[in-house]
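Report on one structure; see the data block that follows.
In order of appearance the chains are A, B, C and D, and numbering begins at 1 in each one.
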Amino acid sequence: MSSSAALALIEFTARRVFSGKRLWAAIVLLAIPPLVAALLVALARQRAGTPVHFDGITFNLSLYLTLVLTAMIYGVALTSSEIEDGTAGYVLLGACPRWMVALAHVLVTSPLLAALTTASIAATYGIASISPVGVPERGPSVIATDAFVASVALTVYLAFFVFCGYAFKHNMAVSIGTVLVWEFIMPALPTKFMNYTVVMNTRILWLHLTQQGERGRWFRGVVGFDVPTYAEASMFLSVAAALFLTLGMVAAMNRSLAGREGGT
Amino acid sequence: MAIVDQSYQPWSGDLQPRRRRIGAMVRVGIRQAYAGLMAKILLLSTYLMVFGTIGILFIASTFQQSVAIVSGNNIYRFYLGSIFPTGILIMTLAALVGGRSIANDLRFNAVSMYFSKAITRTDYLVGKWATVSAFLLSGTLVPALLLWICQWAISREEISAGSRAMDLLALTGHSLVIVLPIAMYALALSSLSRNAFVPGILWVMTFFGSIIVSGILTERVEEDWCKLVSWHNLATRLGEALYEKRVVKVQALGSNLMPIEGTMPYPWYVPAAILGGITLVSALFVLWRMRKFEGQE
Amino acid sequence: MNVLETNSLSKRYGRLAALQDLTLTVPGGAVGLLGPNGAGKSTLIKILLGLIPATAGSAAVFGLDVRRFRLHVRQQVGYMPENESFIPGLDAVRYVYLAGRLIGMPHIDAMQRTHIVLNYVGLGEERYRPMQDYSTGMKQKVKFAQAIVHHPKLLLLDEPTSGLDPRAREEMLGLIRDVAHGKGIHVIISTHILPDVEATCDDVVIMDRGALVQQGPIKGLSAGGDGYDVRIKGDRDAFLRALLAHACEAEAHEDGRIRVRFAHGTPGTDPILRASVEAKVQLRHLERCRASLEELFGSVLSRSRNGS
Amino acid sequence: MSDAVIRADRLNKWYGSVIALNDVSLEIPPGITGLLGPNGAGKTTFMRIAIGLLRPSSGAVEVAGEDPWNNLAHNLRTGYCPEHDGFYEWMTGRAFVRWLLRLRGRSRAEARDGAHRALERVRLLDAADRAVGTYSRGMRQRLKIAQALAHDAKLLFLDEPLTGTDPLVRAELIDLIRSFEREGRSVLVSSHVLHEIEALTRSIVLFHRGRLVATGDIHEIRSLIDRHPHSVSVRSSRARELAAALVRDETVAEVSIPAERSLLVRTRRPDEFYGRLPQIALELGCEVEEVSSPDDNLEAVFRYLTER
């Protein structure tokens, strides 16, 4: 294996992030938080005293809906769609070992998506700070913190999707189904299992970093829910990321790609 | 001995009008929608839940307990108006069945069969709409009917036959209000892509997104229109308007249970106009997309 | 009444002209629509079905304008698309039944006809299995069945043998031949595979780059085969030398075929027989030149391209 | 045959309970080899195992002496043209080939030149800077071949490269594939159409229902059929006289006259019969217009080998 092939793999993976319909879907998704902020700002102009709450948008949109769905769109596009379209073979038959292809999928795509998410968060912050009330005064450091949290979560999600893509035959159904149930429905149910969802741990990380661990107005609907510590949440996320990354690399090494003829 | 010629014979006969063709399309489509494993599991769990509820209520009634949820038209209103399980269930079913209905036709090229037959784009759209709606009704209307019967059986109030009939109409209307816009919107998304999961994700995104954004807005702005942003609120508000307003006349266990009240002060035609608008725009979008796809192989 | 009439039909996709001023009259029978990839055959068929509007000109099927009466036209026409076409989760019976119902056939008729045509195309018990599990040949048969379920007056087949193995192809050609003769169905086959047309059609229409190149009966077009195609087993060079000695021009092809022409007219097969005896080779195959349509196709196309 | 480029030993591949390859052991020599069999015979599965995309359920395969699975050196030596189209539709053809070259370790400059050469080779330069989404079927086929040969692969796997191409394109592709052999590359071409393979090579491998049926030279396989009875159809103006003469010959088992001027002869010793037929006809002085046998072509070999 040559270094130029590895370089090409990184470039190629990055190039694919900015192509096709999925880019548009991601842009629409990432535009939602700034748009909501803009709406709130416009309303605050009309009626003095309407608070524009940047943290609320981050908590509910940037680190929840937008984050999970962006990861889902790209996660599926990285492996499942490639295998289904029949393009996966070209990349796997290159000069880079397969584990490296899986690794590049996750480690190249997640910083780029994190950058896009950061842009979205920064735009939200910028728009929200037009309004006099409700914007945290910690300055741009809060953006950096949010971006960090988002990139951690994205890495976990992408690793999971890459793993599912290589490991399962019905990879789309498995990965999307799991994420929908575990990450969307589970955090809405008042059970202890919500402590083990990526969404919750991400937001707990965020809670500790930006709200000093105070639950305050967040999670208030949940009765008897103990917020894990920063250490617990970061441990959970890093273990999940490492686990799925490893499993994904192993799965990539063992994935057989049948043609459409033999697939049934 | 008589030998009957069983080889290929020419056929001639009268052809039926267009509405019968659409009817056939719907029948075959529904059969196909039920073929999916996921859809079966989801529906089955819903029915288990509904029957479980009914069972518990029957047990309660054998102990001469009157339960608040059985009084008035609470029980099916509650079922149809709640976000969990009904809202989530309908969302998932629509993502599964609505999402793939046109996308799979494009991907497996069934459109070239449909449009080489004597149907127009509008017929196709109406057929698909009816198919997805009818399928979704099995997750709303049918359980609601079961609950209506259950209410009739065990509630302790005196309800006139007219009121019962009105309730029946209302729950049918409520189910349609929930299902029809969702089905059309899912079809619009479905015509976007050949890949069935894309429309599914987009629809889930719309549903959750609208609820979350509406939640943020409601909390921040505290204005009434913020509630209109949520898809679920719209359908519930419009559905609520259909029910007969009457006072519950019986003292029941747990009577502090909140009946779903129309918390949105807007008249019924506002959500109706919004949902109708979404449906219309979606329909036009599908027609426009199919115009593009009709030209392909 | 003519099965098909077009009048200076044109279709443009942006700058690309898929059909250019095509005026064509097809009286009926089994007609092969021949042309290379991108000749405009599929575009023509889609216009005939009313799927896409023509940029200019008009087309009529059985005298019915394809735009104004497109549903009527489609009730008279059966169409077999080129690419695979099915509804996942549906079995062949439901699929063909649906096709019949969409034409407007009543329930009972559609069910009966479904089984008749599935028997006719030779699909057995597999018809009750979901179609995504079918082999290419079976999918192709179902596509054919759904096109004839309502006994159309005109059958449009787009590349009916593409991707089939020899046996499946032979079966498909047999079906087409059978349906095109004596069943009262006119057939138009769009293809680039010449032997298919030879095996099934009486007339041929050759298209290239959206324009009509040539039209006529196959016999007329492929006539002029003055010579024989021979296959032998044994010493080929000796045979060729012996042929030369009998004043024959021989041309050996890569697929083992030897084309023999006579310098002076056609004095029968005697020289070939003699040459084979002299060269002590086995005469495995002897036939008048027939596969000249392929060459004709090539020459017609290059002529039309050079001329334009 | 120690110089075999591909060697398979007791290869099996299942998908669930479906068996795609059943106990295949074979050796493929350098040069062009045709992989022949009907749809679903296991050709694609075999190729994908040999290219390293599929792992066999049991057994081993060696390509150039090495296991292809997760073998980077093997990836660089081989090129694969898949049967079905899989492209990044938004990319241009040139970018596609260039990216794949870079993924195989070429520098930017090398990749640019290599892509240009490969596209020139398959005559796709005109369309190289258009998005793949706009390509026609023939262009897609060429692009797939271009990416397979761009990195100077010594061994090419072409899965159904000729399917769906019109005669003009097919002739071009056949020339191209033959030129690979002259450059010293080995090529494995799969097809279900016999005459495509016949035009390419003499060395074939025959698959049927996941089993290896025959391997070797077409001539060797041909000679197989001569150990079995043939029916030969002869057309002659004096059919009855010829029949009488033939019946007396010891190689002939049976003669029937299905139509006037037409004979059907059954022989148990085809080799001798074909040698004697011209002699007998000449001695009798009767014109033979046509000799043909359904049992004397590759389709028959195929039928015979697969149906026993």
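What we mean here is this: a contact is a pair of C-beta atoms (placed from the backbone, for glycine too) under 8 Å apart; a residue touches a chain by one contact, two chains touch by 3 or more.
Being a predicted model, the structure only gives us computed values, none of them experimental.
Hopping along touching chains only, can you work out the least number of steps from chain A to chain B?
1
Using direct touches as single steps, what is the fewest number of steps from chain A over to chain C?
2
Taking each chain's centre as the mean position of its Cα atoms, how many Å separate chain C from chain D?
24
Indicate the whole-number Å distance between the mean C-alpha point of chain B and the mean C-alpha point of chain D.
54
So how far apart, in whole Å, are chain B and chain C when each is placed at the average of its C-alpha atoms?
Distance between chain centres: 48 Å.
Touching at least two other chains at once: which residues of chain B meet that condition?
none
Pull out every residue in chain A that's touching 2 or more other chains.
Residues 264 of chain A touch two or more partner chains.
Among the residues of chain D, pick out those that touch two or more other chains and give their numbers.
Each of 39-40 in chain D touches at least two other chains.
Which word fits how the chains touch one another: line, ring, star, complete or other?
It is a ring, because the chains touch in a row that closes back on itself.
Applying that definition of touch, give me each pair of chains that meets it.
A-B, A-D, B-C, C-D
Which of the residues in chain D come into contact with chain C in the complex?
Contact set of chain D toward chain C: 37-40, 136-138, 163-169, 192-195, 198-199, 222, 271, 274-275, 277-279, 281-282, 287-293, 296, 299, 302.
Would you pull the chain B residues touching chain C in the complex into a rising list?
Those in contact with chain C are residues 6-18, 20-21, 24-25, 28, 31-32, 35-36, 104-105, 108-110, 112-120, 294-295, 297.
Quick one: which bits of chain B touch chain A in the complex? Just the residue numbers, please.
Residues in contact with chain A: 38, 84, 88, 92, 193, 195, 197-198, 200-202, 204-205, 208-209, 212-213, 215-217, 219-223.
Could you pull out which chain D residues touch chain A in their complex?
13, 15, 18, 20, 39-40, 44-45, 48, 51-55, 70, 72, 75-76, 78, 80, 82-88, 90-91, 99-100, 102-107, 147, 159
Help me check something: in the complex, which residues belonging to chain C touch chain D?
35-38, 135-137, 159, 162-168, 192, 194, 231, 233, 254-256, 268-270, 272-274, 276-277, 280-288, 294, 297-298, 301
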